[in-house]
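Presented sequentially are two complexes of chain A, the first with chain B as partner and the second with chain C.
Let's turn to the complex of A and B:
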């Protein structure tokens, strides 16, 4: 396994905190009493065996799932239930474990959807805008061009110029994951949730993706929550790690701390639970 | 030859009506995967509301139409608030059932509010035959039908721009493609639903006006929804151009069948011909003319 990063980065400001969250589906307790925080600017990994509740945790954070208990505080505002569209408007973007792209659209159009200004403004504002756009007038047109420019920057950043016009349904899996990252980046998120961004990739693709994640964190200062199975990647990238097992948090700390934690080793080596 | 043209034109004009209703179906199906059984009743309801408002308050046609549009938007909002929002994660069949319920509620509501007798709708659309066609070519074409066709064409162009060029259009296509992903980029399903149901309501109003001007606003209006079904089979449930072309083909085919095959086979062929045509077509192209997906969602 890789050594600990040479320098431990220090982060002060809390961007997200999860307190005593529990979530169950009928009898299945997907998350039990989990608490942790994410600091602004850090890369926070969430690891654990399959079915540990990692994806469910992301779903709670961006409002897909509503936990029965607990509170989530994002940028100082506490809440238990959340609508995904509002989470997005507040600055949370995500990718999915099983790529969720708009298959019928091109790479460019997919990423453009990340720039759809939040429709939360209300229907009437939208209707006015429709007329402006239909007439292709002033503000609407300018803003469309500005959006487009931002998206082109992301396309350059992710090195996917050559597939701009390709319908994403035809792209290989690795590239689809990259487009999905692009769509999330287009939202200019403050918190980016990545659910197994390297699953099913070969070594080279993994290295590319790792580089993009580091660069996003570096250049845009985006806070990242990362679910990943490849332990060496996790150790390399993350500032702190949360370990989940059977819906419970069993460890939380720097890569070094987690690595030397007996409970974690047990969970990973498959020591039977009594 | 003139007679053939006359039959064809009259078929196309009827087809335009079918297209309009089918369009309403397609919009809602694309955005929510729901087959809206109430689409036909919405046309009836819109027609009744328009006549009612004009009679009760002595509104001029344009004001009546504006007020009815407002009512249809309010209705869309209510449907989202009372039904869709609560059934969001249910099976499509449950939502389908809910729209059946909605159809009866709307029918009853129209009845209670405006009475159940056949009403004449006169918003000043031209009546009678187009004179120069009749005089110069001996071709009988109703002015009303021409007006309907022109209106439908304008509607379709406006809708096409709306869905291709605007952000709402992009959002709608995103929702149609992948709900979860659409939510994750911040598209509000609720807003989108209110918008598509409003647009469908307005499309229903146009259909209601056209049909009502021709044969009066009456219950049979809600039955044109049944004619939209073969149109959808032909055009595909998710394709706007499909709904248009499908409507025209069905309208035309139906009229030809009625005139040229009717006397041979026996009466009432216009009642089942559209379904026959659609069924035969389904065997060869189950996804419809322009359909993107096999109809697996209902």
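Let's turn to the complex of A and C:
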């Protein structure tokens, strides 16, 4: 129960690297010459004041924005332009700052949609599949059962059995966030991007969510990159932290290093004007 | 005269013997179910025998000796139920512990019982055990059911349930004679052997360990199974705490005696959905569960379409008029029968189906008084709900309502084999085969409770009415007097108020004081829904509780209760003179309620002493600061200004009016 992290974990293999990435919208420079890497198995946090470019960075990583300059390497392969669907198929999943679930669908169905990228089988296969699915026969039935089993394991993992059949629109915010995490997990991602997973939560919900993030990292071995404003949560959870300010990287290192960095303190606390 | 399903059980005087018997006579009949990953998994009796045997031998390999205690802690899980019989089969004594108890409570029970082994459900309990392991030195081994989160635990004395069973299976493969040896040990067991320690939740002081023998549990379970005609095809949902005697009798004792299947819910939150899926035929619930279900139904009906709402209201009226009479087999006019049949198609049937009550043959409620309105509501729908009166010390059954003789205000006639009498002081005394052996390591309390001739002091005050039914008023020691010598029965008054759906808990004061006053907790679900419909904004319990309109509503309820009390001879003197609505919900984590949700009056009076003072010094407003414990164990303070209202009282009717 000591407040200090038990020990620093060491990670070797690089899963994602970002080199000299710049992104601008017209005259607004959202990201300027940012470079960093994410190692397989670690929990990496991106922090920074409002408007620092954190969400833009996530959007660049999962291919929603295309940077004007710079290179992104995922699992050793460089890519310049990529669509989010391809990023998803390659193993990058994410959750959103404002929950983006299908409100009229049940928890179960929402998480099932996370399995869809696993089912793609070309247009002909799809047509055959539609009929099989309608008749609930053969491979369709088998595949449905397999997917459902995987989803049930996630439901068990996140302890949301009691809302399995509840339309997510009726759930409180904290639970919706958990369902969204479940949907991302259903994709069996190698890299999971979480955009403010704890925004708007009370203390107890935050503790639950932290627990789940640690468990996902521990049990599924998923690499996690997260944006979060609650600094104490970030310090407790993450192995390494990147600090952005006005689109530039101002610090990168372990929680201890970042905490004692002068530039970071200035960015958060402000600098006196002479 | 054995009944169907409970025949040929001579000599089957222990749980392990019954297990062998059931595996022989009902090998393919399901014994227990649990919902895992959304699917009901079941084990039949022969599979259960194999699982239990592997566990028992595995436990022996770990060093479990006859006579040692094995604590069991967790939600209702098949593996935890198997631990009971596995322990009993090697002569060890299972000690179930309330799974939501805080670490110190748990430490006390384990230390007191001297538990050498502990079998728990998951990481949460394992962590609690490590937390208390410094103070509780008797624990040698910890075994867990669900491995989640425990992968990195390196402790040598921590084992998974599967590994222990694997140890047992290996031993059985290596030495096949171990199997017959185990069965011989079982056959050498006697009904008078100790079968279980059940710790009472304790409204006052430390919990006491009630020692029960196999005979205590099994004779009681068998007699009542015969009385109600229970069969192997009953369906039961095991959702109440395993440490509570009720669950021990209904989900374990009677299941082994009758061979029926018990289903364990997926999680406590899914209980109502699981109830619907299982559709039990035999169902036990404390009154608060029936209250909660009724409240939910009523709230949802408020939101239904006008036509549905009208139909519901109309047929509920029909049910109220004829339903109970039909259930009791009385004479009902043809028109009533036809209307009721129509209502059954349109309303009662679908409603019961939604609630999971379609198949209930026998429903029991006990533990607290149930509101007459609530009780009649379920009965009028055709659900055979009955009250019983019981205690841990009696292995539950003291009295039970026979079919056709159901009264909302009594708890029935003595159960088979039970003798009941009323002491001079008004206390209920009983004597039965279910009467406990002793309180563990507490001869003093044992001799206070169990007196000459085997009579047990129940601690409850009551009397037999002219129909021969027992009526319980209150805890004997709680019945007091006001300064003007009027009788004051706090629980009686509290219950009258709690029967209103808007009121969740009540604490009454008055013993040795000038007048009767009460603290009230509003029911957040019911009052919250009312607030929503009446555009009363609120952000928290505290804010809603302090609202003037809520106070007006509660005042009307208190007024009705006073009018009712005025008509009751003997008790009319203790009408409620002042009341306040508490700023926080009473909570077991703060020690204000017991784990079975009974109010701890003395503790509350002490904790809220300034409020009690304010009730008696005539002030209209008072300020209080209270420490609260959050679910994760941290503490915080809440402060509030609380309003106190005066009530008018009613004159008791003169004998002329009473005669009318």
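Quick note on the criterion: the second predicted complex is superposed on the first by the 261 of 274 C-alpha atoms of A that agree within 3 Å, B and C clash if a C-alpha of one lies under 4 Å from a C-alpha of the other, contacts with A are read in each partner's own complex, and residues count from 1 in each chain.
Note that a contact is a pair of C-beta atoms (placed from the backbone, for glycine too) under 8 Å apart; a residue touches a chain by one contact, two chains touch by 3 or more.
Remember, predicted model here, so these are calculated numbers, not experimental data.
Considered on the superposed chain A, chain B and chain C are sterically compatible, since they fit side by side. In the superposition on chain A, A:207 contacts chain C only, with no contact to chain B. With both structures placed on the common chain, the touch criterion links A:78 to neither chain B nor chain C. Once the two complexes are laid over each other on the shared chain, residue contacts for A:113 go to chain B alone; chain C is not touched.
In the overlay built on the shared chain, the residue A:103 is in contact with chain B alone; chain C does not reach it.
Looking at the shared chain after the overlay, A:215 reaches chain C, while chain B stays out of its contact range.
Contacts of A:161 after superposition on the shared chain: chain C is touched, whereas chain B is not. In the superposed three-chain model, the partner touching more residues of chain A is B, compared with the other of chain B and chain C.
Seen from the CA centre of chain A, chain B and chain C lie at an angle of 90° in the overlaid model, rounded to the nearest 10. By the touch criterion defined above, A:149 reaches chain C but does not reach chain B. The least CA distance from chain B to chain C in the superposed model is 17 Å. Residues of chain A that lie in the contact sets of both chain B and chain C are absent, per the superposition on chain A.
Residues of chain B that touch chain A in their complex: 161-162, 165-168, 170-171, 173-174, 177-178, 180-189, 191-192, 194-195, 292.
For chain A in complex with chain B, the residues that touch the partner chain are 62, 64, 83-85, 88-89, 93-94, 96, 100-105, 109, 112-114, 116-120, 123, 126, 129-130, 133-134, 183-184, 187. Residues 37-39, 148-149, 151-152, 266-267, 269-270, 273, 630-632 of chain C are the ones that touch chain A when the two sit in their complex.
Partner chain C is touched in their complex by these residues of chain A: 148-149, 152-153, 155-157, 159, 161-162, 164-165, 203-204, 207, 215, 218-219.
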